[in-house]
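These notes open a run of structures that come right after.
Shared between the two complexes below is subunit A, which has subunit B as its partner in the first and subunit C in the second.
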Partner chain A sequence: MMLTIENLRVDFTVDSGIQRKQTLQAVRGVSLELDQGENVAIVGESGSGKSQLFNALMGLLPPNGSAHGSVSFNQQALLNQSDKSLNKIRGKEIGMIFQDPMTALNPYLRIGKQLTEVLEVHEGANFNKESAKRRAIEMLDRVKIKDPEQRFNSYPHELSGGMRQRVVIAMALLCKPKLIIADEPTTALDVTVQTEIIRLLKDIYRKERTSIVLITHDLPLVAGLCDRIIVMYAGKIVETGTVDEIFYKAQHPYTQALLAATPTNTEKSGKMLAIDGQPPDPLNLPAGCAFSPRCAFVEERCKTESPPERKIDAGHLVSCFRENN
Partner chain B sequence: MSTLSSPSSPSSPSQASALLSVENLSVVFNQGVKKGPNQEIQALSDISFELVEGEVLGVVGESGCGKSTLARAILQLQAITSGQVLWQGEDLTKNTNDQNKAMREHIQLIFQDPLDALNPRMTVAQIIAEPLYNLKPELSKQEIQNRVVELMLAMGLQEQQKNRYPHEFSGGQCQRIGIARAMILNPKLLICDEPVSALDVSIQAQIINLLMDLKSRTGMSMIFISHDLSIVRQVCDRVLVLYKGQVVETGNASDIYENPQHAYTQKLLDSIPLADPAMERKRIG
Partner chain C sequence: MLSYFAKRIASSIPTLFIIITIAFFMIRLAPGGPFDSERPVPAEIAANLEKVYHLNDPLPVQYGYYLLNVLKGDFGPSFKYHDFTVSELIAQGFPVSIQLGLLAILLSLMIGVLLGVIAALRQNSAIDYLVMGLAMTGITIPNFVMAPILILLFGVFWGLLPTSGWGELKHMVLPVIVLSLPQIATVARMTRASLIETLNMPYIRTAKAKGLPTRLILSRHASRATLLPILSWLGPATAAIITGSVVVETIFGLPGIGRHFINGALNRDYTLVMGVVVFYGFLIILMNLLVDLLYAWLDPRIKY
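Entry: the complex of A and B
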């Protein structure tokens, strides 16, 4: 296994007004494994803990956050390591792509400087300015940026949102990472650009065999890109399976409701299928299954006990008491 | 429901006369740079369309195409460069702000970011009542309170929540408060500027259903601005496709989606991710 996450918990200490300090559980015991060359999507709504899971891995939690559990990446421990040891992995073996390409880039520095900086940091003594420039330009060409030599000298504001995101992707790819974590890489972009970025990620995945973890709230977005989908709700994994299993044979009531609520380009059908209620308050989670207050099939025990993970098929796991959904 | 009254004579959209008609509307932004030449940006050029009573018009396009500028220009929140905006035959562009106050009773707006659109220092009841204080000063305090509570209930909010502040609500609930504020005047036209794009998928459908329910109860017209073509298809009767400030295609929603004529419309439709892995893999390639 390339990446093994065992019982990862992420807590935040929050000051909520006049109340005393409270602990917010953003991720509540997540275990997952990722093989070299796997292409996985983490799907969940805001507050599901999908982003904090990977922020914890990369040592990007804010000061009031803490991570517990164990994570190993190619036999190296990742969790709660010093910045110095993490920096050998971050940006080199694990690349990251963020949601907003404007804030991910430094507005004061030219694209070229920001790209070659990655090599400068990770290659140390082997760094050569000329070859770094050549490689950066090659990489800009790889992510299909036109006139890469010219763009090398551009500032981020001179590029469109889609182009900036391509630069961020190029930056993540420069050190030939084994894993790329993309956190909502297309959410800030227009629909037409979104498709181009997804096509680019698929092309990179095919040709470089880089593993990709794509974090998103948008199920259809990953239908054509990923092999496996992990669905999260209120800090826990509720269902995991292949893309086909999730789309055609979803078992968890939340996955089913989410699929039904996703607007599709089909004929006007009168009412849309909404999920009643709201996601739970993370400071005040319901006992038992977190989805139980909104679930159409709720039983008595759902309100008191947490459902265990149940195996449907080799890789298809669901955390729900209800069988034969 | 007395607050959300239905129109006296419900007429079918096709026969009714135009409620709103926009004629050759253009908006040009001057990007004033201190030194160097003035750069002009054509935000909207020569837009014309009509909206009849009870109709839902979708406005789609990518960021920067002028969708929101169009909404602002209709409401006279944006100075227009040329053209006319006729509301029930009256040209709004020639009116002063005071004269347009009456129009605001009939045209209301809801915004994309539900929390940003609410004053953080006002309670929910104050927020929802504000249009009445401004435009219906003749109402008594008690009448206003009654209408506020009635609307909160119609929006799926609870009466006990009326003295709370916006930050105590989730995004979906804040959007319900924004809709209540827009609906309290019984508008004839509701302009929705990306009303659900800041919300989670499970909440999006709730808000869309609420809007559609209000529409069928009151018979109001809607202009639904969105970049999400799937949602627009579920909501709209007619669609206007904007590209770089120009209308590239307009027609019945079913025609646009089944049989798009303009290359740009086709490109937009081809960009919608499909909720079926086999088909989506084919689309992505």
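Entry: the complex of A and C
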């Protein structure tokens, strides 16, 4: 296994100054494994903990966040390591693509500097300014940026959103990482640009065989790109399966509701189907299954007990008491 | 760029005009005149003097004369120092004041930024609270209190530094410290807030995700955004240091412009006060223009 996450929990200490300090559980015991060359989508609503899960293992949690559990990447522990040892992996073995390319690039530095510095810090003594520039320009070309030589000397504000996201992707790819974490890479972009970026990621995956973890709330988006889908709700995995299993044999009521709530699946009246109710308040989670207040099939025990993970097929797992949905 | 520069210079003319007008009428509102003294001057001489300096003309006429002279670049003769023109007095005092001011700004920047960075990186720790507490104290103690305290300690009790005079480096130490203490405090507080804000920016997270060491994140990715607000401090800082130097030069007996300003005001030396006011106004306008140019140099998104 390339990446093994065992029982990962992420807590935030919330101090409003008025009330006493509270602990917010963003991720509540997540375990998952990822093989070299595998492509996985993490799907869930805002606040489901999907981003914090990967921020935690990259050491990017804000100061009030803490991570517990164990994470190993190619036999190396990742969780709660010093910046120094994490920096041998970050940007080199694991690349990251962020949600908002408008703010992910430093507005004060030229694109070229922001690209080549990845090589500068990871190649140490072998770093050569000329070859780094050449490789950065090649990479800009690789992510289909026109006039890469010119763009190398541009500032981020001189580029469009889609172009900037391509630069961020080029930055993540420069050291040929084994894993790319893409945290909602298309959310902030226009719909037409979204498709281009997804096409680019697909192309990268096909040619470089780099594993990609795609964090998103957009189920249809992942269909063509990923092998496996992991559905998260309120900090827990509720269902895991292949794309076909999730799309055609979804077991968890939340997954089913999520699939029903896509724009292509509208009622005859033209109204879009939505999931009733609100995601739970992470400071005040319901006992038992977190989805129970919104679930159409809720039973008595759902309100008190947490459903265990149940195997449907070899790779198809679901956390729900209800069978034969 | 050049047209922007020209526009800014042009737009400073009305500002200077307003400064001159307000200052002219305010100093005239003060009771007494430049030739009043304890020993009365004979009436004929007083009349002669007032005639020479147009002081018996109606105020608007005097104002007109003054404006005309300023347009010609002439601030007139000093009423009190009869052998000097106002321009000569300013030229004499300027080297002293500019040395004090520049040293104070330099010291404030270096120590203030250093303290602010330390506080920001150790946010909410004992060091942070200590630095910010000291900064708060520095801001609240006025310079006319701080100066006598330092004179008492370093000059009188310990005999380490001279309490007045000018010419050697040791004469500058206390005045520069008094001038810069409140500014160090301001800069430290601004740097802390600015760096904390910058470190929360998404592009800092990108830099971390790329595997950059903290040293490089601070020096390359956080430095400019942190320094921009401190740059805009330079404008008001010039004003604060000028007003501070008026007090400090008087207390330490330094031959700068600030002392001319005080003496001019006390002696009703109308031309001298006016000259210094216009000069100060010009300095502050110039400094603000410089700040805007530095902005464009630091931030690639700003173009004039």
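For this structure, a couple of remarks:
Just so we're on the same page, the second predicted complex is superposed on the first by the 316 of 325 C-alpha atoms of A that agree within 3 Å, B and C clash if a C-alpha of one lies under 4 Å from a C-alpha of the other, contacts with A are read in each partner's own complex, and residues count from 1 in each chain.
As a working rule, contacts are C-beta pairs under 8 Å (C-beta built on N, C-alpha and C of every residue); 3 or more make two chains touch, one makes a residue touch a chain.
Predicted model, so just to flag it, every value in this text is computed and none were measured.
After overlaying the two complexes on the shared chain, residue contacts for A:Leu109 are found with subunit C alone; subunit B is out of touch. In the superposition on chain A, contact of A:Val14 is made with neither subunit B nor subunit C.
In the overlay built on the shared chain, the residue A:Asp244 is in contact with subunit B alone; subunit C does not reach it. In the superposition on chain A, A:Ile312 makes contact with neither subunit B nor subunit C. By the document's definition of touching, of the two partners only subunit C reaches A:Ile89; subunit B does not. Considering which of subunit B and subunit C touches more of subunit A, the answer is B. Of the two partner chains placed around the shared chain by superposition, subunit B is the only one that A:Leu219 touches, whereas subunit C remains out of contact. When the two complexes are overlaid on their common chain A, residue A:Leu285 makes contact with neither subunit B nor subunit C. Common to the subunit B and subunit C contact sets on subunit A is no residue at all. Listing the residues of subunit A that touch subunit C in their complex gives 58-60, 62-63, 83-84, 86-92, 95-96, 98, 100, 103-109, 117-118, 121-122, 155, 157, 168, 171. Listing the residues of subunit A that touch subunit B in their complex gives 45-46, 161, 190-195, 198-199, 202, 217-221, 223-225, 243-244, 247-248, 257-259, 261-269, 271-276, 278-279. The touching residues of subunit B, counted against subunit A in their complex, run 62-63, 170-173, 200-206, 208-209, 212, 227-231, 233-235, 253-254, 257, 267-278, 280-285.
Subunit C makes touch with subunit A in their complex at residues 123, 200-203, 205-214, 216, 220-221, 224-225, 298-301.
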